[in-house]
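Right after this note come the structures.
Each of the next two complexes has chain A plus one more chain, namely chain B in the first and chain C in the second.
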Partner chain A sequence: MNTFGVWLFAVFALSMQAPASASPLSWHEDKGQWSLELNLSDTLTAQQKKLLFSGFSTFSHLEVRMPEASGMRLLFVSECSIQYDLWEEKFDLLYFLEAQHPEKLRSFKDYSDLCLAAALRNADTLRALQSPGQHLEVHLDIAQVSSEFAKNVREWLIQQQSGMMRGLFAHMLGELKMKESLTLDLSLPALPAQRGAPHAKP
Partner chain B sequence: METKRWQRRLLAFVLSLSPTFSLAAPRSFVLDAISTSGSERLPPHFFEEELGLHPQSSLSPQDLERLQTQLLGTGLFRSVRLYLEKGEQPGHARLLVELDDDLSVLGPWGLGAELAISEAQLSSRSLSPNLSPLGVKSQLISRNLFGHLHRGSALLDIDGDAKVRGAQLAYGFPRFSAEDTQFDAQIEIIDPSTRYLEAGAFGAKAQALWTLGSEGLRHVQVGVAYASNQNKNFQYRDFPKSVIGPQLGMSVETRLLGFRPSQDYHLGGTLLLTSAGLRQMAYAAEGAYTWELSPHTSLTAESQMESVGLLSFHMRNGLHFDFTLPIWQSEQDPSFFLQALQGLDRFENQHLDGHEWRLGLRLHSAGLIAEISFAYRDLPAWPDGTPLARRSP
Partner chain C sequence: MPSPKNKTLSWYQTTVFRTAVVALCIVWGGYIASLISVRQAIQSFSTMVYDEELAKALTDSLELLKELDTAKRQTLTFKLQTLRREPSAPLQVESLKQLLEDAGIEDIAPYPTLAIEASASKRRTIAWLSRTELQVENFLVKVPTSDIREHFEHLQSVRQRYELIQANWDKVIAPSLLRSHRLILLGSSGFLGLILLFLVRRYIRDAQQLLNGLRTWSQGEAAYRLPRTFMGELGTFAEHFNRMAEDVAWNRKRGEYLEKIASWQTMGRKLAHEIKNPLTPIQMLVSQLHSRYQGEDPAYQTLLDEATRIINEEIQALRRMVDHFSQFAKLPEPQRERTDVNILCQSVLDLERIAYPQHSFNLKTPTALPAVYLDQQLIRQVLINLLKNAAEANETRAAHIHMTIELDEANQSYQISVEDDGPGIAPEDQDRIWDAYVTSKHTGPNPGMGLGLAISRKIALDHRGDLRVSSRPGQTKFTLQLPFDPFTPKA
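Then we have the complex of A and B:
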């Protein structure tokens, strides 16, 4: 294949690539009140999605943070435990960090709207987020076991180091992998030019 | 019966008041089949024979949680994930076990190896042509001997003249994490005249002990022990050449002793009972504490004491400072260490006191640990000035 052919193939290959997935962040306006909403349902890794449908109780921990001069500022945190019922093909909510959501889950959408979503409404925060170069860090852990369970397993490993077999775990490099993690560094979408939008302070 | 139904209704009503919890979970199912993927460290029949996962058996979520902890507790896997697939009939399911091998141990037997090379400079007062300054220590350890979770360890310490100066062999019965009893046996031989700081009162020891987990991380050990002091350089009047008897012990270990021990402590004590009475009983105590000073530095202080009868006292103390070089910012980063060791022996009017400073580098990659170190060693001399390794009987 000559050079022109290679370039032609590269241009064709690039044009056939799937379009970049939509940002999980979007602006919403309700009765003059603006909010920045996040939903990770389309951003989950294949392994995270597989765990959610495993038929076993699955724990999720979502954090949204914003970098500041003094470090990372935590803006939102959410925790859920759910279990997918194979036979009835629905999600059961076992635990939710915030008590004010009495919804019953049925579908994956119900689950993602409750556990994989965040809404930022504080006007000062929204203004700060529009500073030039500002971004959000989103971190989602999905695990089949709770952190308490992971702590117990670690204790059992320690128990196995009786005096005589002390070198048994000397070759262990790190901790057990108990969770599937996803970290996203997200730039804010452009704010629709509307009245009442929370513009950054000059 | 009627009361029970009424109680159940009340419970359901109370739980329905809580918006955050529901009665979702426990649902038993009949196991149609089990399949595993991701690892060949345990034989296929293991799940059925050892874990009792027979087709057509009824399993509860608690059974599966126990399975997950048992598999993680072998130390062979980094992760254990369970997936259910709907079976052919209602209430039936197929279980998929997805394992992720811990690559820091090698092969199906879960092997790890360590090679340590040291060069020592001896102080002038103990300098002896009998001592080779070079030491090569190699250890092979397995968490999954024969592919059936037996545990074993072999250590060989040879000097630059190819003479064996120390050896250790240990074996442990298969054990799952959820069980609280284990059996270990160990034989250890050390030449105290060249490896003074690694030997206590006895140059050879053999132990076979049952370890019973009593509460949390505390253990009680019960078994039989044999200790021997056949080296003529180290025989004192009234000091036993060998002792044998039942051994009792208790220990607490709260650190995970990985390549870098986690912060916490160890305490332990043993008593070797002999028929010769208090005068020849062996008492031992040990303690250690590890501080994580920063993400890259740690300090471990260790002390071991041993006493035979009421006349002799033997002590080994150590300080180990570890500094990790953040080259790759990963668990495989090498570390420098500086170690100070002290040995102390008292028996009536005999006194031995030795020291060592050691600077070394440790590397860890794919189940292999390599260590190279340089030591300045001040071995003790006998009161008449004879070097430790040259005293005639």
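Then we have the complex of A and C:
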């Protein structure tokens, strides 16, 4: 293969690569108070998105951890149960870890702001995060929790079998569940060079 | 080199074991092949379980249903707005009903299912607040869930089921299917294998037992018989073996008896010859002695007359005995001819009824009897002898003597039995009665020579049949067995 061919192939290969997605982490300043905000709405896998819009009752569990000498330190945790109404095209919040009363969500943005986002405001934590080589481990589980529906489908599958196979299959068949986990190891973005940044303000 | 007598049947040498091994190989081959095919079938389903086109069609259908519902609602609001373009007066409930009817609300929901109430909103518009709430100026019309919504929910449920199965197929459903099939195949193969093993073990055990039995019999235990517990072909084999052993025993017994009879016949022939020869000279001399005496001594004359009478009587008895011996010694070979046993028995009974009027004789016989080849004179002699014995065993009382003819299909023979209700034969005598010169009738006008039953049994054996006895007090039964075809060996 001649040199031109190799270059042509390299250019083509590079052009076919997906554009790098924006980091879900970003710094924000509000009234001189810095916070590190995380939003996973653009980082969800296709299966997770499909699961959220499937119409099933869906449970999400978000954890943000930071590695320390003694192990992983839990910085943030959030849990939600929602159901997307395909007819009305809106989310119903069934359960939210931090709220006593479920809120009404109108759009995916409302949902992601509530359930797929985290904000770290503790100055000590933020300072610790800026040490060289520091990173965050983000874990997001999204699982279907419509147990009644899953049970019905399971029963339907069992009924499709015949004779001796039915009993055996019922015994063998485990729980039907849709679940997708996402674990991200995120490097912190550079802090905008502004006054009042946490490293400058102990 | 081991003697063939000590050779044992090894389990691995049996054909049934080899057949079972082949069958097991086939069963397990089938198991593996079935498992492979099931695995392939499940794998092929894995690619079919999520059909992109079907998923897209379901999603499109959901969208279409929503669009259809939206279009209907928009059409309704458009019609309502057109009808109320120039409102003359505020709407009343009745006029609202008419308005909704004119606008075609029935396309969305049946009219009676609507609920109308006053609107809390200040705005007097005609618009959908939600998919179930329609504001018409100062009224709020609550429209229940439409048919389209129900279709939508049903289709959504189908799609969710489809997605749930697709998501769980590779990790949950397919492995469960495979495990279930594997277990069923394993269970059925194992069950078949166990049955085969059980059958083979039982067969080999029976074959070994059979072989041991044959060895025992061949080593001289002629009375040994195989048990009746064998099943199938081994059972048939054991049954045939037992029959063969019975035949061998019977033939041996028959041969021994015939040899004994032959020696008795030789002895009888010699005895008859030795006795018969001097009888005539003795009788002539005695006659001369009697006729030549011319004396006048009346006492001597009386003694001479008495002596001559006694000697003549004894000579007659000896002659009769000699005749019996001669007859026994010269028993002829059977001259077989086609005979109706029924008629033969009936004629014998008629004779005996005349000879022994004090006894009752009766005959029990089947209606149809096949003819048999036998020597009529000899068999008649046997039957007369048996009836005569039965009658003479009951001299002091009136006896009931039954003659019965039966067909023994299994042994292809007749059974002619003579049964009386006399005192019976002592058990210790039952084996001896077949011997010649053994009799219980030592006195009377016709003392027995002890040859009747020996002759009768000889005749029966010469016909390839047999004569047996069973006796107890009050019942004695002699059974004459005659085969249908005397030239065929006894079954």
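As a working rule, the second predicted complex is superposed on the first by the 156 of 202 C-alpha atoms of A that agree within 3 Å, B and C clash if a C-alpha of one lies under 4 Å from a C-alpha of the other, contacts with A are read in each partner's own complex, and residues count from 1 in each chain.
Throughout what follows, contacts are C-beta pairs under 8 Å (C-beta built on N, C-alpha and C of every residue); 3 or more make two chains touch, one makes a residue touch a chain.
Bear in mind the structure is a predicted one, so any value in this text is a computation, not a measurement.
In the superposed pair of complexes, A:178 makes contact with chain B and with chain C alike. When the two structures are aligned on the shared chain, A:145 is found in touch with chain B, with no touch to chain C.
Look at A:31: by the touch rule set out above, it reaches neither chain B nor chain C.
Looking at the shared chain after the overlay, A:50 reaches both chain B and chain C. Of the two partners, chain B and chain C, it is B that touches more residues of chain A.
With both structures placed on the common chain, the touch criterion links A:157 to chain B and to chain C. By the touch criterion stated above, A:96 is placed in contact with chain B alone, chain C being left untouched.
Residues 50, 54-56, 86-87, 144, 149, 153, 156-157, 161, 164-165, 168-169, 172-174, 176-178 of chain A lie at the contact with chain B in one complex and at the contact with chain C in the other. Looking at the complex, you find that chain C touches chain A at residues 62, 66, 130-131, 149, 152-153, 156-157, 159-161, 163-165, 167-168, 172-173, 176-177, 179-181, 183-184. Against chain C, the residues of chain A that register as touching in their complex are 47, 50, 54-56, 86-88, 144, 146, 149-150, 153, 156-157, 161, 164-165, 168-169, 172-178. Here chain A touches chain B in the complex through residues 50-51, 54-57, 83, 85-87, 92-96, 99-102, 104, 144-145, 149, 152-174, 176-178, going by the rule given at the top.
Contact residues of chain B toward chain A in the complex are 19-22, 24-25, 27, 61, 64-65, 68-69, 72-73, 75, 78-79, 81-86, 90-91, 93, 100, 102-105, 112, 114, 139, 141, 143, 151, 153, 170, 172, 175, 177-178, 180, 182, 184-186, 207, 209, 211, 213, 216-217, 219, 221, 249, 251, 253-259, 268, 331-332, 364, 367, 369.
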